[in-house]
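Pasting a structure here, questions to come.
Letters A, B and C name the chains as they come in the text, with residue numbers starting at 1 for each one.
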Amino acid sequence: MISVLEFLARLAVWLFLAPLLPGIINKVKAWVAGRRGPPVLQLYYDLARLWRKGVVLSMLTSPGFIAGPAIAWVAVLAAALLLPLGPLGTSLSFRGDVILLIYLLALARFCTAWAALETGSAFEGMGAAREVSYAVLAEAAVITAVLTLSMQSGSVSLSAMLTPSAGPGAVLLAVGLFAVLLAENCRVPFDDPNTHLELTMIHEVMVLDHSGPPFAAVLHGAAMKLLLFSVLLVQAVLPVGELSVAAASGAMIGGVLLVTVAVGLTESLTARVAFRRVPLLLTTAFLLCVFALLIAWKGGAA
Amino acid sequence: MNDWLNLLIGLAMGLNLVALGTGRLPSLIRVAALQGVVLGIMPLVIEHELRLLGVAVAVATAAIKGLVIPALLRRAMRTANIDRDLHPLVGFLPSLLLGAAGMIGAVVLAHRLPLLPEHHESLLVAGSLASVLTGLLLLIGRSKAISQVCGYLILENGIYMFGLLLMHSVPLLVEGGILLDLTVAIFVTGIIVDRIQRAFDSLDTRKLTVLRE
Amino acid sequence: MRELLLIIVPLAAAALAAIWPDNRTRPWFLPAAALAHTLLAFGLLLFPPAAPFHAWFGCDPLARAMLPAVSLLFLGCAAYGVPYLSLRAERSNRVFVPAFLAALGLMSAAHMARHLGLLWIATEAVTLSSVPLLHFNNTPRAFEATWKYLLVGGTGIALSLLGSFCLGYASLHSGGAGDLTFAGLMSQGIHLSRPWVLIAWVLLLVGYGTKMGLAPMHTWKPDAYGEASGIVGAMLAGGVTTVAFTAILRVRAVVETAGAGVVANRTLMVIGLFSVLVAALFLLSARDFKRMLAYSSVEHMGILSLGAALGGAGLWAAFFHVWNNSMTKGALFLSAGNIRRAAGGRTVDEVSGMSLITPRSAALFVMGLFAVTACPPFGPFFSELLIVKSAFATDHGWAAAFFLGCLVLAFFGLTRVVFAIVYGRPRQAARETDPRFRETLAVIAPPALLLLLSLLLGLATPEVLRQAWTAAVQQLSSTP
């Protein structure tokens, strides 16, 4: 009974806190630009509005158009539930669950791309192609980061893996993971979530034809993914697991807020890079993780 | 002492990767200059007691590598009216990956080589080899004369780093001579770059193809 | 002290020439300084000074075996330089003459350097001082050649510095005090750390091999020799390469005492044979007679390293060949300079019938061709014969056979180009390009004398030289 309650509490945390992050980012951006900006809770209003609306379907679509966002949303949520929350641990843990996490995220991306292709529009196909090709490079960085963590801890289970090390390795890992976070969540400098030109879009162009509740699922899923990566980044760098529950939640909330603000600042202060430079940037992130891995390996040997 | 030194070497190695990844000539020149300054600081970190002569050499290195030569290169860049190496012979991504692989190889190789006990923890050999490789990659892979000169600078930086291993044994006279020669070499190169610019109206060394079989 | 004069006299002359106001009389500094240098060098050859064991500079047997050859070649070039520069009176020689003289002083320093660091400094300085010589013509092609020379040569020289440091570290690692004199390194002998010695050998061989022009680091050579004027080409081919060869020999002696002599000899032999092969193949397709000379130089550098790899008698023959190479290359480059000037072109498509336009230079060029392809009775025939003999004597028959095969190919390539430009009917355009050019005694005598010296070396090798070479071989192979 307790465990069921705890599970529900976790679910609620992920579901209800996630849409806060894009709101904070937008607020930071508005603040840097000297505007008042939309309210922090804007995404909640949007989600509520979309939930009430009907769905417009093209004549070309198959049920995959609806199923895609739904499966993607469930996959992201499942991945989020695998992630331990500091000293609280996780509700479900087994050897190699980190691999499942990576695969769930990949499944979510696949479903989004699949739904995009279902529309039969050239723009959506283009967006899907870009998203997937960047994801290949970002995934290399993620896997290297995971390898680094498991090298540091000697474990392949998420709850035991998130034991960060101090020193230059942690810095490299943090920078690399932050770049991955930006790329995976389609933020500047990889993608611009606010762009208005379909030709330059990546993620946004994939979901152009979605409407109503499926679109709400897409937006909510994206917010959850952002939260997931922030939590992962914080735990990979800060030794949250060793603190007491209260201190850990404070550190976690502070860390996630810091990451969110950093994302907002990055978006305000840097310009989006040209498409052909993106692979270079992602490779840099990958290399940072590789060097973190190298340091973890060398440190382990010595 | 070793920690600070290793931090500086790590910084220099990071700058190597930046140099390989950038196509903009001003940032390439800045990277080379910054690396020169980092190198200039290293002797001060290594020395236990500071001697006037050692400080002088360090300051001279930092000034020449960090200020004089970059200024020369910037002038050449302005007169040639270019700021990008748009069509490198080896792309930025491959050269970045090659550089990173070379860096890892350098670390591994440095571990295999027999070192004196006081150099076991130091990254000097690895950093030196990585910089030499980076310099060679830039020399081979870039098409603009200025990028190649920057590559040469980074190559020299790597050799300088190796020279720090011998700092206590190589007499300062030799060091001074070496530094002087390098400086003159870069100056002569700079002048030739200038002449090439005037003769060919471009600093693209791919245009230097009159002479071949 | 006498040996330091070899460095000081040319450098002082260079400084004087740099401030000398008159463009017309400045070239006379060249023969004056060259004559003094030659007299000094031969004085040292005949009356050797005692070189202190740990001195950084010294006219040791190795320097005595090499330096007079460079000095003689320079004298020839300097004598030729006066009429050459008077033909180029439209250009200021305020940089050219001092740079040429400084190159002589620095080459002497590099020959006599008994310290790894000093050797590097001197070699690098020679490279830099030859840069203004290369782009004397100021054409875009000359700049292209200079750029390649700087880039390839600079990289090579940088690698040799890294190699020097590695050798220094090898000494430091085995408990040495970081004494970088060759004598000090050799006295550590077998105790030098082997991995570092091997790395150092590779880097130094690549570095100084670039300077010497061994394949595959020879790529700058055709461009530089093709664009440089005759005297500069002769100096590069006969002088600068000798500097690099001396450096390689000194390093090899250290590597040998460190117990890696077998590896060193094998790499030298492979790289030498590869150079000969590459040169022979490129000679077969050469169309430009100055670039042809460059490939011929690559071939002869290969022969030198082959001789050095064989050791003992082979090394002795290599010293012999250094002299022959300097003399014949001097004669060839200077007569080629005459032909180039009279013909106004450099490729077989533009030039032919030079035996009618410049009969004396053409005759010298053909004789030089026979000398350089090792036809008896010129010197190169005897030195190459000795190398082949010592190859057979040391069970390297396959190397000798390969070498002889390449020589035949090179012979075909060289004769094809030379006869194409010497015989046939003169091109109309060629006769009108440079009406000022006359085959005066001043431009014919230097190559003729150098060729005569090559003949003399072959027919009657002076006893004093034989002894000098033997002493140098002993110096390099003395194992403590």
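Keep this in mind: a contact is a pair of C-beta atoms (placed from the backbone, for glycine too) under 8 Å apart; a residue touches a chain by one contact, two chains touch by 3 or more.
Keep in mind it's a predicted model, so treat the numbers as computed, not measured.
The central chain here, found by comparing per-chain C-alpha centres with the mean of all protein C-alpha atoms, is B. Across the assembly, the chain pair joined by the most C-beta contact pairs is B-C. Here the CA centre of chain A is 39 Å from the CA centre of chain B. Mean C-alpha position of chain B lies 31 Å from that of chain C.
Taking each chain's centre as the mean of its C-alpha atoms, chain A lies 66 Å from chain C. Touching chain B in their complex are the following residues of chain C: 115, 117-118, 120-121, 124-125, 128, 131, 135, 139-141, 143-148, 150-151, 154-155, 158, 161-162, 165-166, 168-169, 172-173, 177-180, 193, 195-196, 199, 222-223, 226-227, 282, 285-286, 291. Residue ranges on chain A touching chain B, taken from their complex, read 168, 279-280, 283-284, 287, 290-291, 294, 298.
Chain B contributes residues 7, 10, 17, 21, 92-93, 96-97, 100, 104, 107 to its touches with chain A in the complex.
Chain B meets chain C in the complex at residues 112-116, 128, 132, 135-136, 139, 145, 148, 152, 155-156, 158-159, 162-163, 165-166, 168-171, 174, 177-178, 181, 184-185, 188-189, 192, 195-196, 199-200, 205, 208, 210-211, 213.
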